[in-house]
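Letters A, B, C and D mark the chains as written, and numbering starts fresh at 1 in each.
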Amino acid sequence: MSAMTFLGPVVLLLLVLGFVTIAILFERKVLGWMQGRVGPVQVGPWGLLQTVADVLKLLLKEDIIPGKADRILFKIAPVIAFVPAFAVLAVIPYTDRIVFADIGVGLLYFIAISSITTIGILVGGWSSNNKYALLGAMRSAAQMISYEIPLVMSVVGVIMAAGSLNLTEIVKAQESLWFILPQLIGFVVFFVASLAELNRTPFDLPEAESELVAGYHVEYTGFRFAFFMLAEYVYVFAMAGLTTVLYLGGWNPLFGWTFLPPIVWFAAKFLLIVFILFWIRATLPRIRLDQLMQLGWKVLLPLALVNIFLSALFKEVSGIGNFF
Amino acid sequence: MMGLLKGMGVTLKTMSKKKVTYQYPDEPVGMPDRFRGVQHFDPEKCIVCNQCVRVCPTDCITLTGRKHPDPGKRGKIIDTYDINFEICILCDLCTEVCPTEAVVMTNHFELAAYSRDDLFKNMEWLHENNTEIRSENNVNAKR
Amino acid sequence: MTDRERNGQRDRGERENPTPKEAGNREKDAGEAKTKAAAAAKAKAAAAGKAKAAGAKRPSPRKKKKEEPLEPSPKQPLLDQYVQTVTEKVGKETVEESYINRPNGHLPSMVIKNDRWAETARLLREEESFAFDYLQNLSGVDYEEHMEVVYHLYSMKHRQGLCIRVKTDREGASVPSVTEIWPAAGWNEREVYDLLGIDFPGHSDLRRILMPDDWVGHPLRKDYEPYDREV
Amino acid sequence: MIRTEEMLLNVGPQHPSTHGVFRLLVKIDGEKITEAEPVIGYLHRGTEKLAEDLTYTQIIPYTDRMDYLSAMTNNYTIVHAAETLMEVEIPERAEFLRVIVMELNRIASHLVWFGTYLLDLGAVSPFLYAFREREEILDLFNELCGARITYNYMRVGGVKWDAPEGWIDKVKALADKMKEKTEEYDRLVSGNEIFINRTRGIGGYSADDALAYGLSGVNLRAAGVKWDLRKDRPYSIYNRFQFDVPVGETGDLEDKYRCRMEEIRQSIRILDQAVEHFPEAGPVMAKVGRVIRVPAGEAYTQIESPRGELGCYLVSRGKDKPYRLKFRRPSFNNLQILPKLLKGENVANLVAILGGIDIVLGEVDA
């Protein structure tokens, strides 16, 4: 029991919060650049303190609870949404040494815990006693439950290839070849499903601004709203981390460039994923609910199953079997 | 799928292009000469013909005049001239009818104020608003 | 006698030698007529000046017009045919007046008797030679001594427009609704009801549309007292 | 047993996708709309009433504020009505200037539609791209008449300002630039599978329905009725220009989108021709008195605004003020079909269908 065991998570929390502030700024900057704008520039040099100012504003704002809302659930919902988003970070191996909980069923833990967030959103939407919030919450529940399945199915291929649910083991199995190549179908399914899990464009139906105003968090203000936002961005952090670990070889260097420390490699891949998320947000329109369901059940799930089947098949083929 | 990727290409390309936004309050935005901004009023030129008051679609101009103090001269001189910028729509009709170009447009457009009373501009204020005056004014009258 | 009535009579009087025109030539002819009309603009302006002098309630008819005989309108035969068909199918005295609105691109216009309007409207929509399937505009006018609802119809099949006017009294103003025939009339009739207070029996949902539900009075009536005189 | 009940959802008057103060009462069963009732009038300013106490020149700035996305066409509708009754001849140069500004305004208006529509569908960037190009058009207007939205440019008998030095060249340059930009929009949106999925086959109606409900403009053409007033009832000098009228087939949202985008291209074509044949010099104002008196009579004039048939029914009694002025506002008429279109649709299609109609609330409520 070193001090690291206790300090580590605290440091991580701060790091993650730091990431979130930067990520929001980064997202706004990227969106701005892609739209011919400059993004935030007013607060701090290069707009660096913009998010800090926003968060401060949110903390100072009046905390409004609608009169007809279910007060207890209304208060607890942001916490339910946020805690799992943060808890899943524990199992992600940033390098071979920086990992907080190297548990055997890391991947399973990640997926299991992350689905709790749905409950938070559902509770938040329901307890607000607002029709838009309710619709958003219902959409969110339907969407997240539907996409959990292809998400899990798509990683089965990776688990088969690595022979382990431990995320560190999975990264180590990718030393020669990243799973993105042999598990390409799996990666596509995983990526699309994770977009939907994150409620990000083009799957941002629960908070579809132009339809549901703000969806499940329409009645939230101040720091409770901040918690939902935080959960969303921490989740982005976690999902980008998981994608890196599962398919992009984690901290493994490319072209054998070991002169860069592993953490840099991890960060680079991770940022690439985050950038793609923002890039997609800048480009694509929103998908419709029934089409979303069709995509999930009729396209992604069969694809994921085919992927499992093919992975199993190729594993037995000599020569390339090593990679699967 | 190709359609999606093409679209992503467009946004990516735009990322490196020149930004088109103005840094407005930091850098002033220049307006073309014909811009219809807050009026400038020159009491010297005004002949109190009341045309601007009559043509104003929102009735935002009020003026009073009195007899010329010099008994040798005919006509009137202006006493008060107020424009209520709460309702002025800067439609340019007053400057269009003014036969002497006593009321003309300037390029100023910053009218924001903390109080409604501040939007009620009198003759002195309008007279002092004398920079960036538009060069062509009552084009239709000249014709 | 109003200007409009005069126009109508004049055109009716001139139909002894109507120029036969092909439907395809209509536009071109209309263009020619326009230039001619433009030449006469000066004379008209003078007439308008007189009209102003006459002041009072109605402008006096343009006296000068009578002196220079106008060419018969290319649309006159068409209008005659319309009037004839309506009279035949709906009954005598259905058409109170008919005239060609010359400045308005020779638009054939008819004034239809109020109590025959519902029937006439159906005829205009369904009869093959009319086939007015497009209600372009519906407006109400308060003429102080009476009210009018004006319909501008268009037939996509024949590529021809028509203006219909239906008069009604100011007291208890009412014109049969045409929403069944042209659903487009729905909101327009509501608007006329809202702003002018004309009732449209047969309209399924005649409520105020632009003004608040509890508004008193009908603003576009000429005798309307503004809620707040200062504004 | 599960008890289900219909939910009454109040969309607007404050809602991001109603494009103004527009209220829509929808009854929904799950996410399916069973009934929709539009409520309008929140922006009613009584333009028609006000006009009865204003001279013709004074009405022009008021028309700016009806359809504020295409104020030039609104300017034109009132001056056109007055000119029709006055039978004045407009100088050549003024006619060209009018056509140029109206077409520029059509492009600007369609750009706003393009941007906001994609925003309704959840894509953010096209909005900014469309406004980037619209900005250049507005700058041109600013240079021409000193305002960016409320132009007050046209006068009975002509236009207020002649084109400033080099302005026509700038229009030419802009037209060329817009050609590239429409390609860019195509790449960004037209082929996008999500976009196609969200628009194809949604909110369609037959040509007969469109006519019966008095739709006009793109809403009518998308259903397959070739009806463009610039071609069918030519006004100004539109009969001198070569351009096509794009029509759709099913009236669904995709057809509307394609019609509007094609119209931008056709407007660019008109601009090209207008710039090429722009008269060297000449007056921009006909000889009409300083006080405009319209001869007694009535006229219904119609022009093709970006949203459809913008009509003006003018009853004059020879005074300097109209006796009765009625604007046939295309948005108002087009909006009527909305309850019919929404019935049985998904909530997510609600904003898509509403956006597809392309309403401007200033015009709906006048």
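The criterion applied here is as follows: a contact is a pair of C-beta atoms (placed from the backbone, for glycine too) under 8 Å apart; a residue touches a chain by one contact, two chains touch by 3 or more.
Listed by chain with UniProt protein names: A = NADH-quinone oxidoreductase subunit H; B = NADH-quinone oxidoreductase subunit I; C = NADH-quinone oxidoreductase subunit C; D = NADH-quinone oxidoreductase subunit D.
All figures in this text were calculated on a predicted structure; none of them were measured in a lab.
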Checklist outcome for this item: The pair of chains with the most residue-pair contacts is C-D
Checklist entry - Taking each chain's centre as the average of its Cα atoms, which is closest to the average over all protein Cα atoms shown? => result D
Checklist entry - In whole angstrom, what separates the CA-based centres of subunit B and subunit D? => result 27
Checklist entry - What is the distance, in whole Å, between the centres of subunit A and subunit C, each centre taken as the mean of its C-alpha atoms? => result 66
Checklist entry - If you average the CA atoms of subunit C and of subunit D, how many Å lie between those two points? => result 26
Checklist entry - How big is the gap, in whole Å, between where the Cα atoms of subunit B centre and where those of subunit C centre? => result 42
Checklist outcome for this item: Residue numbers in subunit B touching two or more further chains are 4, 7, 10-11, 14, 20
Checklist outcome for this item: Shared-interface residues of subunit A (touching two or more other chains) are 34-37, 282-284
Item to check | For subunit C, residues contacting two or more additional chains | outcome: none
Item to check | subunit B contact footprint on subunit D (complex, rising order) | outcome: 54-55, 57-62, 64, 125, 129, 132, 135, 142-147, 150, 152, 155, 160-162, 164, 184, 187-196, 283, 285
Next on the checklist: Give the list of subunit C residues in touch with subunit D in this complex.
Outcome noted: 3-4, 27, 34, 37-38, 40-41, 44-45, 47-49, 51-52, 58-59, 62, 101, 103-105, 107, 133-137, 139-142, 150, 152, 156, 159, 163, 182-188, 191, 195, 208-212, 219-220
Next on the checklist: List the residues on subunit B that touch subunit A in their complex, please.
Outcome noted: 4, 7-8, 10-12, 14-21, 23
Item to check | List of subunit A residues in touch with subunit B within their complex | outcome: 30, 33-38, 41, 279-280, 282-284
Checklist entry - Which residues of subunit A touch subunit D in the complex? => result 31, 34-37, 131-132, 135, 139, 201-202, 204-205, 208-211, 213, 281-291
